[in-house]
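So, here come the structures, one by one.
In the two complexes below, chain A is the common chain; its partner is chain B in one and chain C in the other.
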Partner chain A sequence: MADQTPAPAIEVRDLTKSFRVNGRDVHALNGVSLAVGHAETLGIVGESGSGKSTLGRIVVGLETMSSGEILHEGTAISGVGRAERNARLAKCQMIFQDPYASLNPRMTIGRQIHETLRAHGSRQLAHNLATAAVLLERVGLPQDAAGRYPHEFSGGQRQRIAIARAISTGPSVIVADEAVSALDVSIREQILDLMAELKGTTSYLFISHDMAAVAKFCDRIAVMHKGRLVEQGTTRQIISAPQDPYTQSLLEAVPRIGRRR
Partner chain B sequence: MTDTTTNHRPRRLPAALRQWNIAVGALILGIVVLAAILAPWIAPYDPFKMASGPRLTGPSAAHWFGTDELGRDLFSRVLLGARLSLGIGFAAVAVGLLFGVTFGMIIAFCPERVKALLLRIVDVVYSFPDTLLALALVAFMGPGVENATIAIAISLIPFYARVTYGLAAVERAKPYVEAAQIAQAAPARIMRIQVLPNILQSLIVIGSIGFSSAILSAAGLSFLGLGVQPPSPEWGSILASGRNYISRAPWILIFPGLAICLTVLSFNLIGDGIRDLTDPKSRRRRS
Partner chain C sequence: MTGALISVRDLSIRYGGPDAPAAVDGVSFDVNPGEIVALVGESGSGKSSVSLAVMSLLPDSAHVGGSILFEGRDLAACGRREMENIRGNRIGMIFQEPMTCLNPVLSIARQMTEGLVRHRAMSRSAARRRALQALADVGIPEPERVMNSFPHELSGGMRQRVMIAAALTLEPSLLIADEPTTALDVTVQAQVLDLLVEIRNRTGDGVLLITHDIGVVAEVADRVVVMQGGHVVEHGPWEQVIRAPREAYTKALIGAHMSLEEALTDGGLHG
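What follows is the complex of A and B.
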């Protein structure tokens, strides 16, 4: 499947990222290569500090890589000019873990979506607010939500707003960094269902340590450990027949109802 | 305590005045500003005329604040002094804030290495006490009210830049700013639309801190003959000239000191009130 003609929506090749801590180089990412196809959902799992969040942040351009290559639709973004690179990065969106900090507390919801749309060249406030109202309705929020401030919403509702903002520009790739980890279990299901419902042709990089959520939402899974990719495959392969010992230990750690010890 | 029963959002001016601290602060500041504007008409004596009464007399019906060492009416001098003190303070804080906030914000959004370099430069300048910095600048530019004001404004810039940098750097790391960056919004717009409203309340508070510092610097410069030139009255210079008579005629220090105190207090009250008003959380609590 991977060798078919359309280039993957996003691909990273031999990505490394190192930080200098107390004079020593620490490798957050060590030669990671993976690809996300069109409309595909790739889950990235691994423990804290495995480099999965750093990977997501590099993909959306929040952090720079030390070496390696990122390809959008088959084109390396390091090889193009600054304007072109920004235009490509603008096709990526992110949904953050903390639904409280990911919205500007002093701006109405409608204005926040307007600002995102404005950065994409749609400058008319009235038009953008109308778009915002439609989006907010699609993510299941009341009609007057656009005129209200973030503190008037619950965590789950805020994550719905963050999703509305992320999909507002019609991105080709959305990086969801622990997007449901901070939510209650019952809300988590709702948000996952909503993300699946609104997925469309967007590709997802779904970063999570929650195996159950990943198994539910993702087409394929990549397992990271200490900055390296240890295994990747379809969700079924990884869940039912994990090859790498680290993946096996991760799956072992998932509690199952009714499982006997 | 005045608007707890209404669920109307107090955003416009009349509603803002229902906030008790804004009301008190605005009242005091209003009186001081009014005094400054109307000083030439409401002053009972010519503030420059010596021997309007006996020298160094205490407050009385004829001279409300007493008289100074040259027999000038202190009430009239404090009234007229409000013009210079407020004028220098406002102008210096406005200019200092404008440049300081701009620099601090830009530094917060600079790449790591440029940021480190610019911060070191700000730190070096900030390490000079601001009055000393203002003094050096006036010595360089020459004495006078305008030069003193410019010097005080410049001396405030490192403080404002440093504090703004600290506030903006905290906001910059928050996901809502990162979301705007991912959307490729222009940095200048992120600073103005996303970050500035979130640090504005703190800027108002440090603005008023700078105001008192500006008045003190002005007083210091005037005392040394580099700022307001005698016989022009200015709160700081009146304080400085009364310093020698502190035991014989404490009123020369008390009244200008009180004027400075009340003016600074009014700024702090208004700053607090504005914070309460603009904080969406406290707005919900009240409604």
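What follows is the complex of A and C.
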């Protein structure tokens, strides 16, 4: 590259995803291009069916794209061999909306973090359990958490576990898909604070329909509607001076204290 | 007896036995005609148990104390038959996920007319006309087309409108809406809230709105009952509870509901 700017941690170019439904092509994503810089948090907002979750799933490799390009640190992953592609995808972790569904109910927490680390090449159980204990403490869980099962924890605690697992491999990108949406408001605050505290050098793709959470947590916001990116900008620009009519209607609909219907 | 539609007095609910810890304890409130009363609280506050008790839908294992009067009648003294008649006929119910309440293999027409034919002895054609009117009343653009659809062919917002319309066909005096907008997108949520307010204004029905979202409460409720850990912690007109909350818990709930402007300054991550 000619200029000095480092390549974004993750970039998607002209991403398209189509499904065939009843003999018709439905575009879940239609020419989406965006980039997330190093240690940057990009919020993806939009309503159900906007394609925001599909975008996140494609970025972490849970789904394939129909066409387009994904670049990690400036390298297109379609152009690299299988081993390198897997290594690059391993640097992308995901946090889901329902931590209970994303944790194995029959495995202790420590064991699950061990499994994640093992999948990434660290095979020693004792070593991995020690790592798990440190991680669980960092996300604010009691010391004996590693030996317990998912059902023994509250929803907020389970999301802390999911976060501990996501950061265990030292990912460069974390895709958080509605990670705080199922939590009570008071717990939501705590989890957002925790995620902000742990941010460090990790880049986040923060997918949410919760505008207030996005406004609090993200540096920039991209607004999606019906598979297309309708607007993107800094958080302040999007929240204070939205340009696209869809963004305006989305913000207008957010309930606020002090307004009556 | 005042003119309250529903009068809950000193309600307690225990699951598992009379000595089990109370999930709900000492809860009292009224819903008057034309009034939207919000029951607000976080998970575990007991708000859903209260709404189930009002609908007499608690499991048999639940031990209920206190009283619930509906239009002056003690619900505990009502037999199963009588209760079934009150539910649907006099009390309309709207739930969070319309898909689980609508029968997936029956057309909307069938589901909307069944109650009218059974409870009101209406002819099929009269029931159909009433259902079409109800769909139009809740702002459904093509009622004929929706009547002939099946639930899976409709969007989430449309299904919620259908469920509200179905509840309205029997002209209830009380609507119980349990998290009616929680599963909906914000723009659709705004429409459904407007619709609830519009129905209240038009029909004079009372509405018991159960929600975890203090923002929703602030926009539509006339009176607010704040619950925490099975107890009512604060209860009063919305102006008082929302604008000048007295209890620390209510203040915390309101404080946790960040406005977008507050979120911007609070975040501090984006200069």
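Rule of thumb we're sticking to: the second predicted complex is superposed on the first by the 254 of 261 C-alpha atoms of A that agree within 3 Å, B and C clash if a C-alpha of one lies under 4 Å from a C-alpha of the other, contacts with A are read in each partner's own complex, and residues count from 1 in each chain.
We adopt the following convention: a residue touches a chain if its C-beta (ideal position, glycine included) is under 8 Å from a C-beta of that chain, and two chains touch if they have at least 3 such contacts.
All of these numbers come straight from a predicted model, not from anything done at the bench.
J.: In the superposed model on chain A, is it clash or fit for chain B and chain C?
T.: Because the two structures are overlaid on the shared chain, the partners are seen to fit without clashing.
J.: Classify the contacts of A:R188 with the two partner chains as first (chain B alone), second (chain C alone), both, or neither.
T.: After superposing on A, A:R188 lies in contact with chain C but is clear of chain B.
J.: Check whether A:N86 is in contact with chain B, with chain C, with both or with neither, and answer first, second, both or neither.
T.: A:N86: touches chain B, not chain C.
J.: What is the angle, as a multiple of 10 degrees, that the CA centres of chain B and chain C span when seen from the CA centre of chain A?
T.: Between chain B and chain C, as viewed from chain A: 80 degrees.
J.: State whether A:M211 touches chain B only (first), chain C only (second), both chains, or neither.
T.: Only chain C; A:M211 stays clear of chain B.
J.: Contacts for A:R236 in the overlay, against chain B (first) and chain C (second): which applies, first, second, both or neither?
T.: In the superposition, A:R236 touches chain C alone.
J.: May I ask you to decide whether A:S172 touches chain B, chain C, both, or neither, giving the answer as first, second, both or neither?
T.: A:S172 contacts neither chain B nor chain C.
J.: Can A:T247 be said to touch chain B (first), chain C (second), both, or neither?
T.: neither
J.: According to the stated criteria, A:P255 is in contact with first (chain B), second (chain C), both, or neither; which is it?
T.: Second partner only.
J.: Check whether A:S102 is in contact with chain B, with chain C, with both or with neither, and answer first, second, both or neither.
T.: first
J.: Should A:T131 be classified as contacting the first partner (chain B), the second (chain C), both, or neither?
T.: neither
J.: Please give the least Cα distance, whole angstrom, that chain B and chain C reach in the superposed model.
T.: Once the two complexes are overlaid, chain B and chain C approach no closer than 13 Å between C-alpha atoms.
J.: What residues of chain B sit close enough to touch chain A in their complex?
T.: For chain B paired with chain A, touching residues are 174-176, 178-186, 189, 193-194, 197-198, 278, 280-281, 284.
J.: With touch defined as at the start, can you tell me which chain A residues reach chain C in the complex?
T.: Result: residues 41, 47-48, 155, 184-186, 188-189, 196, 209, 211-213, 215-220, 234-236, 239-240, 249-261 of chain A touch chain C.
J.: Of all residues in chain A, which touch chain B in the complex?
T.: 60-62, 86-87, 89-90, 92-94, 96-98, 101-107, 112, 115-116, 118-120, 149, 151-152, 162, 165, 169
J.: Report the residues of chain C in contact with chain A in the complex, numbered from low to high.
T.: Checking each residue of chain C against chain A gives 42-43, 156, 185-190, 193-194, 197, 212-216, 218-220, 242, 252-254, 256-264, 266-267, 269-270.
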